[in-house]
Each structure stands twice: as C-alpha cells, then as structure tokens.
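Each of the next two complexes has chain A plus one other chain: chain B in the first, chain C in the second.
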Partner chain A sequence: MSFLTLQNISKRYGQVAAVEDFNLSVEKGEFVSFLGPSGCGKTTTLQMIAGFEEPTTGTIHIDGSDMTHVAPNARDIGIVFQSYALFPHMTVTENVGFGLEMRGINKPERDQRVTETLELVRLAEFADRYPKALSGGQRQRVALARAIVIKPQLLLLDEPLSALDAKIRESMQVELRNIQHTVGVTTILVTHDQAEAMAMSDRIAVMNMGRMAQLGEPFEIYENPGDSFTSNFLGTTNLFPGKVIAVNGDEVSVDCSGTEVRVQGKSQTGAELSVAIRPEKIGLVEPGSGFFDARVRTRIFLGTSWAYQMDSDLGAFNVTLQNTGHLVAGEGEMVGISWQADAVRLLGAG
Partner chain B sequence: MRRYDKNGPLAMGFNLIFLVFILAPLVVVCLVAFTDKGYLSLPRDGLSLRWFVAILDHPEFIDAFWYSIYLAIGSATLAVMLAVPAAIATARYRFPGRGLVMAFFMSPLMVPHVVLGVAFLSYLSRLGWAGTYLGLVACHIILIMPYALRLVLASVTGMDRSAEAAARSLGATRWVTFRRVTVPLILPGVTGGWVLAFITSFDELTMTIFIASPSSTTLPVRMYQHITETIDPLIASVSAVIIFITMVMMIILDRIFGLDKLLVGK
Partner chain C sequence: MKTWLPPYLLNGPALLIFVVMLVVPMVMTLILSFNSFDFYGGIQEDYGWHNYLEVVKDSYFHEIFARTYGIAIAVTLICIIIGAPEAYILSRMSKTWRSLCLLAILGPLLISVIVRTLGWALLIGNNGVINEVLLGVGIIDTPLKMMFTTGGIVVALVHVLVPFMVLSVWTTLQKLDPQVESAALSLGASHFTTLRRVVLPQVMPGVLAGSLIVFALTASAFATPSILGGRRLKVVATTAYDEYLNTLNWPLGAAIAVILLIANVVVVMSYNRYVERKYAAVFD
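Let's look at the complex of A and B:
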C-alpha cells in the first residue's frame, strides 16, 4: 500500500460539490503537486488531508492507518500556509519550537533541533527576532522550519510561494526542493502556478472543477495532455478544431478549415476534434514550403525568445522561437509553417 | 513629498473648537478644585489644597470610590469573560438565531438607563439581591456588555485564523490553541474591551442610583447625593482626583498597548 492514499474522496457543501471522487496514491518521499485554477478543489483536498475538513465520502490513509476522522493535532502533519500563519507574539525560536513543545520534548533537545532546522533554512542569526522584523522570504523559511522540525509524516504546502516576489520565488523553489530532498519527507504542494508545479514536483495532479483531470510526471503530462484543459493550463497550446477525413493506420488526416493536417494518432473518419500544437514546436520556413502559409501579425522580443502571433486560414495562433542572435521574420511578412510529425496531438473537441 | 493626510486650516480650526468644547469643562472643574473659597468659584485670589484635604474628612467618598473600583473590576472582568466566547461564536459561526444573540447583547445601548434602573430595582428586590454587590455586578455586566463585546468582536474578526490552524497541525489541542494562540492574538481587543467596560461601569449613575443601597453606594451616586444637599468645591476636588487617576491609567495603557489600537479595535 502506498504511503498516502486518498480513496473516492468527495466533499459537498449542500448541493455544491467542491471535490468529486478524488483518488490518489503517493509513495513515501514523493513530491506531488495539486495544480489547478482557483475553485478547482485543490485547497479543499489539502484541508481534508490536514484534517481541517472532513470528507463527505471516502477515506484517507496515511502509512496504513485510517486518518479520515482523526483530529488535525493527532495527524503528525507539517503545514506551510499561504499567509505563513506565524505566531506574531512569539520569536522565531518559539515559533519553530512550538510543535516540539506540544510533543513534550524537553528544552535542551528542543533547542538543539530548532537550531539545526534554522541552520537548514539559513536563518540561524534571526532566532531571536519576531516575525514582523523579517522579510517575506525569511517568514516563509520560518514557516517551513516550523513545519519540518517536528519530522512530520507528511508535509503540506498551501501556495507557499505565491506571496513572494518573482525573483525570490524562483530561488525559493530550488531551495524548497533541496530541503525536501534532504529531509526526505513526503510532500503535497497546492499551487495554481504551472511553472512552480513543474519545477518542483515528482508528479502533478491537474485538477479542474473538483475532479482530477490528469496525473503524471511533469514532462509526461506536458507532452501528452489528456484534454484541452490540461493542455492549456500547463503552458499554452494552439488548438485547431477540425474533422477527421481519413484514417491510415496510425496516421489521421484532419480537415482544419479547409487545410489538411496529418497527425499521428487514432481516431475514426468523421470525428470532430482539435489538433493541438505547442507554440515552441512550430518552425518557420520559406512561404509555400511548409504545411500552410501564415502572416505575422505581431512580433514581440522577450530576450531569450520571440513571441509571434500569426494569422492564417486555420485561424490565429502563437509561435515561440528561440532567439539565436539572428533577425527573423518581421511583422506583415508571409511565412511557411512547419513542425515535426510527433509534435502534434489530437484532443477531444473543445 | 506632499502629505495628503494633513488637515487644511479649516479642518484644523474645527478640530480645535471641538477639542476646546470637550476639554473646557474638565479644565474648569480642575481649576475650581484649587479654590480657597467655600463655594464653587475659580481660584482668583490664590490656590489652595483645602478641598483635597477635605476629601480625607469624608470617608464616605473614599469608601464609595473603592466600592466603585471593586464593582467596575468585577463587572468588567465578568463581562469580558462572557464577551470572548460570544464574540468567537458570532464572528466565526453561522447558526440560527445568530442575529438575535447579537441584538440581545447590544440591546442595553438602546434601552434608556432610567428604564433599566426601574426594571432592575423591582427584579432585584424580588430575587432578594437589591443593594447587594452581586446584584450590582449583574446589572452592570448587562449594561457594559455592548462596550466589551464591540472591541472583542473587532479583534476576533480581524484575527488571522490560519495561525490557529497552524497550532493545531503542530499538535496543540483546541484548548491549548485557544490559550497559547487565540488569546494572545486577541489580547489588545480584550484589554480595550475591559478598559471601556471598566470606565463605563465606574461612571454609571442613571441606572445605579435606582439599585444602590446605603451599603452599596458607588462614587457617582455618592457625588450626586452630595450635591443634592450642598454645593461646595468638594465635588470639584473629587472630580479632579478621578480625572488624574484616569489620565495616569490611560498613559500606562498607551505605553503598553497603544491607545488607538486598544480603543479603536484596530
């Protein structure tokens, strides 16, 4: 049995279902993210694992024991809250030592473990400060130290980096991941930031409208999104709606607004679906030598890359090109559109 | 850089007039207390402490002062102890009759104190509590409850509840969480509520005059009885002492918590 198991979890508030039929198994030491837009049920699911909400149906097992109805203080779970939730009337040391004190650990051992953990999060010199005298990033690390010092069975991170500046957030992602590896604690991260989820997780559970849309390793679900929601929530995708006109073994011919596009995949003639391709997988070639031609509507320089918006018979779409140091097609120019055969996916209509 | 929160000359003038309007009577009372005459007058011919010394010759004022203090401490403390759970319940939970509970606790603000006084008098005499300390405490709790509740409620509403969730997840029981996290975080509001309740109780005359007995006379009641008999500067000197004590209390509280935080409920 897996370390953390959520079985058929549902949570309803009256008629409204916040979470529907959620199933997940997490292995010991694994880092799993719940990724989705606000209101998708990811935080509610976290609250149920933490014990602040009781599931309407279903069971939660941690390390083999049924935790579904156990009080939050008896679950042995460390949580880092979005607002950090530090105790403002206690110093950093007292904050971090609180969980150990609750476990009846004597002062010498407590002090030693607090010091060790503060060194791990590089805050040793701030031990006697109060939270209000710390920066956002430092508070975040205190919250993390407070959660891991108790050596919890499970670490829950509720949008832990969303209140930080972009620069600090990126360095904290790496730092959090490293600390998680060092401590080896099984971790669940809740986030709406796909870059954060991809950077930090072993696996991502994409959630939409209370249900799990897809579960898998970041690379796997980025490359093979199961539906247009996942495809658009993880990065961006160009979707060309069309109709299947022919199937030849593994190759499907799709009529997209009058242009025939060939895609690897399985379908049947007459099916309505979408051809999906990521902006960074499209290449620009001489007009007439690609699959079809398009006109550059806008071109934006982003330093490492160029962002194009294109107009074509298939509709508007985006292209991202690496900046190679050479100037590329300008606004108003006609270009040919090309891609590798395996870069295109077939997704259900929508 | 230009400061936008500065008042214009017109607003400053208005504030000044308002301040004078509030402070002038207090200043006059304090000045009268230093008169050397036997009647209420400003000390024009010379300052004298004779009316402060005179307080010592009236032990009934000193007894009434201490009685008022004990009454205010008792009723403010009990009112706050009731206000904390009431505030937590109404601020955090939606239950049938929630609005009714709030309206009930706030209702003493709307009922005239004279009416309350008459009602409590007949009620207490039926219970056999008329003129007792317990009876007065009970009536004062009802009267000062709105003041205590308002400030406690503000601090409970403004509190970050995730700190409680954090304490729970770290292994604290509900009670330990309440004691170690909730109470310290709402302490400014609780203290502010207590101070306001204390002042209101200490100051209350209209209702108390109905239910006080000779053995349970509060300072405002004693002062009122005194001026119905004689008008002399003794009242002014007693008032001056109260003003002085209040000021010292406010300065101490301001040093510890900050008055704006305490009485506005941040």
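Let's look at the complex of A and C:
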C-alpha cells in the first residue's frame, strides 16, 4: 500500500459536488502537486487530507492507518498556509517551536531543533523577530520551518508562493524543492500555477471541476495531455478543430478548415477532433515551403524568446521562438509554418 | 485672502460651540473649585486649596473614591469575562443568528438609562420580582437585600457596558486570520490551547481597549449608582451632585468633580500608554 492513499473521495456541499470520486496514491518521499483553476476542488481535497473537512464518501489512509475521521491535531501533518498564518504575537523562534511544545518536547531539544530548522531555511539571524518585521519571503520560510520542524508524516503546501512576487517566487521554488529533498518528507502542493507545479513536483494531478483530469510526471503530461483542458492548462496549446479524412496505419489525415494536416495517432475516418501543437514546437520557414502559410499579426519580444500571433486559413494561433540573436519575421510578413511530425497531438473535440 | 484663514473660518462655528458649551463650563468649574463656601454667606470669592485638602484628608471621601474605583474594576473584569467569550461565539455564528444576537447584546444601549435602571429596581427591589418569586417558592424567608448594594450597581452597570466590550473584542476578532487557528490545530494544539495561546493573545488589544471604555464609563457613571445606590451608597459622581444640589456647597462639589476628572484621565492615559508600548512590536 502506498504511503498516502485517497480512495473514492467525494465532498458535497448540499447539491454541489466540490470533489467527485478522487483517487490517488502517493509514495513515501514523493512530491505531488494538485494543479487546477480556482474552484476545481484542489483546496477542498487538501483540507480533507489535513482533516479540516470530512469527505462525504471515501477513505484517507496515511501510512496504512485510516485517517478519514481523525481530528486535524492528531494527524501529524505539517501545513504551510496560503496566508502563512504565522502567530503574530510570537517571535520566529516561538512560532517554529510551537508544534514541538505541543508535542511535549523539552526546551533544550526544542531550541536545538528550532535552530537547526531555521538554519535550513536560512533564517537563523531572524530568530528573535516578530512576523511583522519580516518580508514576505522570510515569512514564507518561517511558515515552512514551522511545518517541517515537527518532522511530520506529510507536508501540505496550500498555494505557498502565490503571495510572493515573481523573482522571489522562482528562487523559493528551487529552495522549497531542495529543502523537501533534504528532509525527505512526503509532500502535497496545491497550486494554480502550472510553472510552479512543473518545476517542483515528481507528479502532477491536474484537476478540473472536482475531478482528476490527469495524473503523471510533469514532462509526460506536458507532452501527452489527455484532453484539451490539460493541454491548455499546462502551458499553452494551439488547437485546430478538424475532421479525419483518411487513416493510414499510424498516420491520420485531418482536414482543418480546408488544409490537410498529418498527425501520428489513431482515429477513425469521419471523427471530429482537434489537432494540438505547442507554440514552441512550431518552426517558421520560407513561405510556400511549410505545411501552410500564415501572416504575422503581432510580434512581442520577451527577452529569451519571441511571442508571435499568427493569422492563417486554419485560424489564429501562437508561435514561440527562441531568441537566437537574429531577427526572423516582422509584423505583416508571410511565413511558412512547419513542425516535427511527432510534435502534433490529436485531442478529442472541444 | 490669507491661506491660513479659510480653515479657521470654516471651523469657526464648531469651535465656538465647543468653547461655549464645554471649555467655559469646565474652566468655571475649575475656578469654582478654589472658592470657599460659607453656610450663611454662600460662595466666597476667595481662592485656595482648602476644598481639595478636605477631600484628600477626609476618610469619608476616601471611602467614596475607593468604592467608585472598586466598582469600576469589578465591572471591567466581569465585562471581560462575559464579553470576550461572547464576542468569540458571535464571530463563529451564522449571519442570521449573529444579527439577532447582536441586537440582543446592543439592546441595553437602546433603552433610556433611567428606564433601564428602574427596570432593575423593579427586579431586585425588596418587593421586586426576584424576591417575590424566591419567597413564594419558599427558598428564602426574608427578602434578599440587593437594592442599595454595590453588587446591585455592579450588575446593572455590567448589563449596559458589556456591549462596548463585545464590540471592541469583535472588531479585533474580525481582523484575525482564520487560517491561524487551523495552523495551531495542525501543529497539534487542542482547541482549548489554540484559544488560550493563539486566539486570546491576538484579541488582547481589543480586550484592553474595551476595558478602557468600560472602566472610564463606570468611574464616571451617575444615573445607575444614583438610582440603585440611593443617597447613602455614594460614588464620586453622585457625591458631587449631592454637594451641588443638597448641601449647596458648590465649590466642594466642583473640587470633587475635578479630582474625578483628573484621576480618570491619569488612569486612562497611563493604561493606554502601557498597552501601546506592549503591543507596538507585535501588531500594526
């Protein structure tokens, strides 16, 4: 049995289902993210693991024991809250030591573990400050230290980085991941930020409307999204709706608004579906030498890359090109569109 | 026109009312408190500290001041004990129940002080409802003395002042991050420990602000102690009133009033100082 098992979890508020039939097994030491838009049920699921909500149906097992109806203060779970939820009337040391104190650990050992943990999160010199006198990133690290100092069975992170600005957020992602590796604690992260989920997790559970849409390693689900929701939520995807006109073994020919596009995959003639391609997998070639031609509507420089918006017979779509130091196509120019055969995916209609 | 003038002109009417209605009577009371009183000649136009010395030296006044501040401390403590939990429960209620309960809590403030106090008199008097019931049931043989006691005054003052404590604590509770309680629970604290170690310290500024209001209002309360305490169980405010209207010794009454004012200001200011210094490092 896995370390954390959620079996057929559902949560209903009256007639409204917040979470439906959710199943997940997490191995010891694994880092799993719940990724989805707000209202997808990811926070509710986290609340049920933490014990602040009880599932309407289903069971939660941690390390083999049934925790479904155990009170939150008896679960031995460390949580980092979105607002950090630090105790404003306690110093950093007192905040971090609170959980140890509740476990009846004597002061010398408590002090030692607090010091160690504060060194781990690089906050040793702020031990005597109150939360009010700390920056957002520092508060975040106090919240993390407070959650891991108790050596919990499970660490839950509820949108822990959403209140930080972009620069600090990126460095905290790396730091959080490193700390999690050092401590080796099984971790669940709830986030709506796909970049965060991909950067930090061993596996991602993509959630949509209370259900799990897809579960897998970041690279795997980025490359092989199961549906158009996942493919659009993880990164961006150009979707060309079309109709299958011919199937030749592993190759499918799709008619997208009059242009024939060939895709590796399986389908049936006459099926309505979408051809999906990531903007960064499209290449620009001489007009006439690609699969079809398109006109550059806008071109935005992003430093490491160029973002193009294109108009074509297939409809509008996006292209991302690495900045190689050379200018490629300008606004208003016609270009040919090309890609590697294995870069395109077939997704169900929608 | 000079630029500094318009603000003063705009403030003028309010300033005038403030000066005429508040500053002038206060200054006149202060001057009056230095005059002396002659039983046959009335107020004498001389100046001295004799009225203040009389209050400071006479054990009769010591007792009255001690009673006043004793009542103020008791009312404040009881208001904390009742009001703080009441506010916490209120903050956890659903919207509909909260509105209803808030109305019930604020009820006493909506009734005239005289009517409310006379209501208490009907309830706790020797022939009042409580005594009639207890006598009728046979629990007691002689009526309990509740009217004209400090206890009666304290109960009636708590009744009207508890809303100030509830509102003050409630305001601080609303600023509380609800996740902080969850955090304490997740760290293994029991509900009671969470309340004591996490919630209570954070609402202390509200409790302290509420006590300030309750204390100041109790120490200067007049109507309730006057009706429920009668002419013999005096507090400072009723003593000043009696000196003015019964003994007709206006200068002594004025001196008592001035001492009460100064004492209240000193208590309130130093308390406020203490609170601000204590929490400056912790809260915004």
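Quick note on the criterion: the second predicted complex is superposed on the first by the 350 of 350 C-alpha atoms of A that agree within 3 Å, B and C clash if a C-alpha of one lies under 4 Å from a C-alpha of the other, contacts with A are read in each partner's own complex, and residues count from 1 in each chain.
One rule holds for everything that comes next: a contact is a pair of C-beta atoms (placed from the backbone, for glycine too) under 8 Å apart; a residue touches a chain by one contact, two chains touch by 3 or more.
Note that the structure is predicted; figures quoted are calculated from it, not measured.
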Chain A as common anchor, with chain B and chain C clashing or fitting: clash
Which superposed partner A:Lys132 touches (first chain B, second chain C, both, neither): second
Partner chain in contact with A:Pro218 - chain B first, chain C second, else both or neither: neither
First (chain B), second (chain C), both or neither touched by A:Phe81: both
Chain B versus chain C as contact partner of A:Gly41, first or second or both or neither: neither
Contacts of A:Phe52 with chain B and chain C, given as first, second, both or neither: both
Doubly contacted residues of chain A, that is, touched by chain B and again by chain C: 50, 52, 71-79, 81-83, 85-89, 98-99, 102-103, 146-147, 150
Interface residues, chain A side, partner chain C - complex: 50, 52, 71-79, 81-83, 85-89, 98-99, 102-103, 130, 132-133, 146-147, 150
Residues of chain B touching chain A in the complex: 160, 162-163, 165-173, 176, 180-181, 184-185
Interfacial residue positions of chain C with respect to chain A in the complex: 177, 179-180, 182-190, 193, 197-198, 201-202, 204, 281-284
Chain A to chain B touching residues, read off their complex: 50-52, 71-79, 81-83, 85-89, 98-99, 102-103, 143, 146-147, 150
